[in-house]
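Both complexes below contain chain A, partnered by chain B and then by chain C.
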Partner chain A sequence: MITVQNLYHSYNKDDNYAVKDVSFEIPKGEVFGFLGPSGAGKSTTQGILTGLLQLQKGNVTVAGYDVKEIKRKMFNQIGMSFEQSNVYSKMTAKENLKFYAKLFDVPTRDPDELLEIVGLEGKGKIRAGEFSKGMKHRLTFARSMLNNPELWFLDEPTTGLDPAIASVIKGIVKEQNEKGVTVFLTTHNMYIADELCDRVAFIIDGDIHLIDSPKNLKLEYGESKVEVEYGDNGKLKTETFSTLDEKDKKKLADIIAKQNIQTMHTKEATLEEIFIKVTGRELI
Partner chain B sequence: MFKKTLTIFKRDLHVSYRDFMSLFMIVIPIILAFAVNAFAPGIEDTTVNLVFIEGENTETIAYLEDFAKITKVKDYDSLEKRVLRRDNIVGFVGEGEDAYILTQGNEPEDVVMFAKLLKTYSEYDRKVEDSTAIIKDFGVKTSPTKILWANMGILLTSLLAGMLISLNIVEEKMDNTISAINVAPISRTAWIFGKSIMGILVALIGCSAMVLILGLAGTVNFLQLLIFVFVSSLISIMIGFLEGVNSDDVMTAVASTKMVMLPLAASVAGYEFLSAKWQWVMYWSPFYWVYKGNLSILNGDFTWLELLWHSAIVLGIAALVFAYVAPRIRKGLEN
Partner chain C sequence: MKLWSSFVKELTIASRGFYFYVEIAMAAILLFVLLFVIPNNFDNKETQYLYLEFPNAQSQQMYIESFNDLDGKGKTPEDPFKIDKEEINSTLYVTEDKEIYVFDTEEDMAKVAEKKHKLGVSIKMNEANELNYTYYTQGNETEKFSNILKIIHGPDDALLYKELEGQPVKTISTDYVVLSDRENVLPVFLTFNGSLMGLFIMAAYVFLDKKEGVIKAYAITPSPVWKYLLSKVLILTVTALTTSLILILPIMGTRINYLLLIVFLIPTGFFASALGLLIASYFDDMVKSFGVMYLLMIAMMMPTLSYFIASWDPMWLKFIPSYYIVYGFKEIFTKGDTGFILLIALGYLVVSSILFAWANARYKKTLSV
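Up next, the complex of A and B:
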């Protein structure tokens, strides 16, 4: 669905690249996570893929179109949910969707149905300007589904949403993906990435460090741990031990033998920990 | 492409009706026209106003109705009250020997004089046909002040049309919706056309309404008016786009329009006050040519050839402005 070969981009057209030598491929039906700290080049890459930024160097095809010369038709197959909600404040939620729907040449979904899906049922007649931040975000998200996109760009789809709504959004993404929609997900949030993505790419300073599935990454880099809560002379203590380190293993056995164990969990490494381990950088 | 252009236009129209500022700009030309009508007298209005008591002087009234505007009141007291009002109205009281003219005292001398003459003519039963005077004229049918105001009104209207566009673009910028349009299957050109329709329509309708309300419909060739307003609004539209792209809020957009008022006012002043020898000083300004052309249209003596070369000059300047402005607008619409 997307192929990127040796992509470079410099905002000032000099040697100071915001994205350098980036290559990856996203097959149809995959959820691909693009992860990296602020300023890593995520938006820049996404901007080039969606034609918002002019392609400077490299080969990029999106949904079968060469991005060198963007054809407007391409956007009939693409949906894009923006990080910062961008809907017309002076129009109602439904008017926003109806207006946008008219810009497509393909059949579009019913605005009321979409509002319902994102939990905005009954709010269609309210002007978007009167919406809360989260509601605007959901409207922006709903709009990106209007044209039944085959390829769906999601920029921080759950950031700033309350957990209940965030999980609704996650559900929608999963559901769409099951219907065959390819998803390009940009995020800082490793938990979302972990749950949704088939594969993730770690990008830092315009460079892709690795691309793999969360599961493989955990197997390869994740050190599983055990967290033990035990009573030591009436006081409750918590300690974490590696299941690989010999010293830790001995200590753990010792505690199990001698102490009064309250709880014991195995802890998988999080994607975030792996990211830090692989790149040596925090995900801020 | 045409359908989507229309979609963009319809959205703008819809939203403008909800916005006080935009709505205000749409109706300004009409308010302005009514205001000019109220304050700038037309030629036909420079007549004397006479007031009579009902029942008196019926013959004189019948005679004078051709020359003066006549009001009738029911008795002497009302006549006195009427004369004492602020405007210039002259009272005719009594018949025959007892007749006299009643004034407030502050009327212009020629108004009273004219009233006196009319009274004399009516007493001698003189008709217009009795006059031996031959009158020649240049065929100008409207008062020059009215035309001056109408012309400035037309300039202002096309400027407002541009401003309306800039408000609509500022709206998109404030809501950050241009990025959403950029990833929709609509071409930049279709979008820009859609955004321009509003300005062009407001200019065309506003200027036509102004001409109609001012009672100039008889002299003005509407096809010429519409063509020329269309041509001149292209400049306002470009200014509107540029202002919209460069302003982050409504106030900035309004403030930058004030800057455009400057060359506009200079062009009008230049045309009106510079001697023929110095007119070339203003040739650079498109507003100068627009003002000059409008003046001929309003006077009803613009030939098609003149329309052609005036339009050519305005379009030429517009093209230069476009060459300068287009890359800036394009840049402003990215992201």
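Up next, the complex of A and C:
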């Protein structure tokens, strides 16, 4: 769905690249996470893929279209949810969706249905300017689904949302992905990436350091251990066991069978820990 | 369809916004000024301050009657002159084109002329019944004017009047419509309201969209950016037409060719909005663009000076686009050369199209992420 080869971009058109020699491919139906701290080159890459920034150097195809010469009809297949909510504040939520729906050449979804999906049912007649930040964000997210996109760009889709709404948004992303929608997710939130992405790319200072699935990364960088907290003769004990060592495995089975288990956690690494390990940088 | 949707959207936003009503209010204020502040024709009666010293009352009265006073009798002015709280006596004679104040003493006349910055004249008749004139000028008169005063009462003044009467003067255009002073101001107001306000309001609209980030959202749709820009131009054109008609209809009534006016208003409005689009493409917000905007608006107002001061019409002024807007409006109101008006309209259409294409290229390149 997306092919990027040797992509470079410089805002000042000099050797100070915001993105340098970036290459990756995203097959149809994948949720691809583009992870990195602020200023890493995530938005620049996404800007080039969506045609907001002109391609300077490299080869990029999006939904079968060469980004060098963008055809407007490409946008019938693309949806984009921006990090910063960008809706017409003087228009109602429904007017916003109805207006954008008319700009597409493909059948579009019912604005009322979309508002309901993102939890804005009954708010269609309220001007977007009167919405809270989170509501505007949800409206921006709903707008990105108007044209039933095959390729969906999501820039920090859950930022600023309360956990319940964030969970709804994650559910929608999963549901759309199950229908075959390809998702390009830009975020610095590793938990969301871990939960949603089939593969993730770590980008720092315009360079991609690594591309792999969260599962593989955890196996490679995590520790194969389990931490158990259990009661032993009225005393609370904590022990760590290897899931690979036969002796540890036997001892763990024995504790599970005989003791009163309080908590038990695998000691796999989080994506954030792996990111720090691989890039030497924190996600700020 | 996409252009129409964008236009309807712009209309909705404009009707719920501030700037649309600013334009309407500005047109209403200008109309108020035209109707109630600017007279249909300015009072251009000449004021003269005289001191008369004649050998006898009879000859002085004869001279006064030569003023062609409406009733032949002078009156005490309603608002007498005061110098240092001292009231100065004078007699006022009103004719069709003059207000003549005759003072009791030459000293009084000179004092008032100095205070009021007017020309004073002392006229004395000698025993040989010859008139002697002494002019009290302010010192800032041109040499030409002073020279005229020196020769106008010379021994050959009869010859001078004879030459004046004998000099043939031919008027080239016989069907030229003479505008009243109020109508004459209208082209300047229209240039300011329709064109220059259009430039400012367009920039304001774009900066509002930039602030809300909606241009980026539009760019991720199959609708090309030029349709977004053109919908803004259309809304500004509608506003320019509306506000211009608010000004023109009550003043000009049905005396002008409205079809020609609309043909002229559309490209000139297009020009202002395309220029506004282009300027807004180089800045992030109104504050940053204010310097350029201000300079441009000052430059665009320069031709209106030439409009009022006909003798000041340097060549460089003709390169300022608003020059032809002001004179184009005047041509329409005076039922002037239709070909000239259409040529100006065509010129603006071409220039505006170039500016629009330039602005479109700028917006396509500068949709930052």
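As a convention for this text, the second predicted complex is superposed on the first by the 243 of 284 C-alpha atoms of A that agree within 3 Å, B and C clash if a C-alpha of one lies under 4 Å from a C-alpha of the other, contacts with A are read in each partner's own complex, and residues count from 1 in each chain.
What we mean here is this: a contact is a pair of C-beta atoms (placed from the backbone, for glycine too) under 8 Å apart; a residue touches a chain by one contact, two chains touch by 3 or more.
Source: prediction; values computed, not measured.
**Q** Would you mind checking whether chain B and chain C clash or fit side by side on chain A after the superposition?
**A** clash
**Q** Which partner does A:F99 contact after superposing on A: first (chain B), second (chain C), both, neither?
**A** both
**Q** Once the shared chain is lined up, is A:S43 touching chain B (first), chain C (second), both, or neither of them?
**A** second
**Q** Does chain B (first) or chain C (second) touch A:P214, or do both, or does neither?
**A** In the superposition, A:P214 touches no partner, neither chain B nor chain C.
**Q** Which chain, chain B or chain C, is in touch with more residues of chain A?
**A** After superposing on chain A, more of chain A is contacted by C.
**Q** Which partner does A:P111 contact after superposing on A: first (chain B), second (chain C), both, neither?
**A** It touches nothing on chain B or chain C.
**Q** Have a look at 44-52, 80-88 or 224-232 and say which bit of chain C overlaps chain B after the superposition.
**A** Only 224-232 shows clashing C-alpha atoms.
**Q** I'd like to check the shared interface: which positions of chain A are touched by both chain B and chain C across the two complexes?
**A** On chain A, the residues that contact chain B in one structure and chain C in the other are 50-52, 72-76, 78, 80, 82, 84, 86-91, 95, 99-100, 102-105, 140, 143.
**Q** Mind listing the chain A positions that touch chain C in their complex?
**A** Residues 43-44, 46-47, 50-54, 72-76, 78-80, 82, 84-91, 95, 99-100, 102-105, 127, 140, 143.
**Q** For chain C, which residues count as touching chain A in their complex?
**A** Per the touch definition, chain C meets chain A at residues 1-2, 5-6, 9, 12-13, 16-17, 212-214, 216-224, 365, 367-369.
**Q** Please output the residues of chain B touching chain A within their complex, sorted ascending.
**A** Interface residues on chain B, with respect to chain A: 3-4, 7, 11, 14-15, 18-19, 171-172, 174-177, 179-187, 334-335.
**Q** Can you tell me which positions in chain A touch chain B when the two form their complex?
**A** It comes out as residues 50-52, 72-76, 78, 80, 82, 84, 86-91, 95, 99-100, 102-105, 140, 143.
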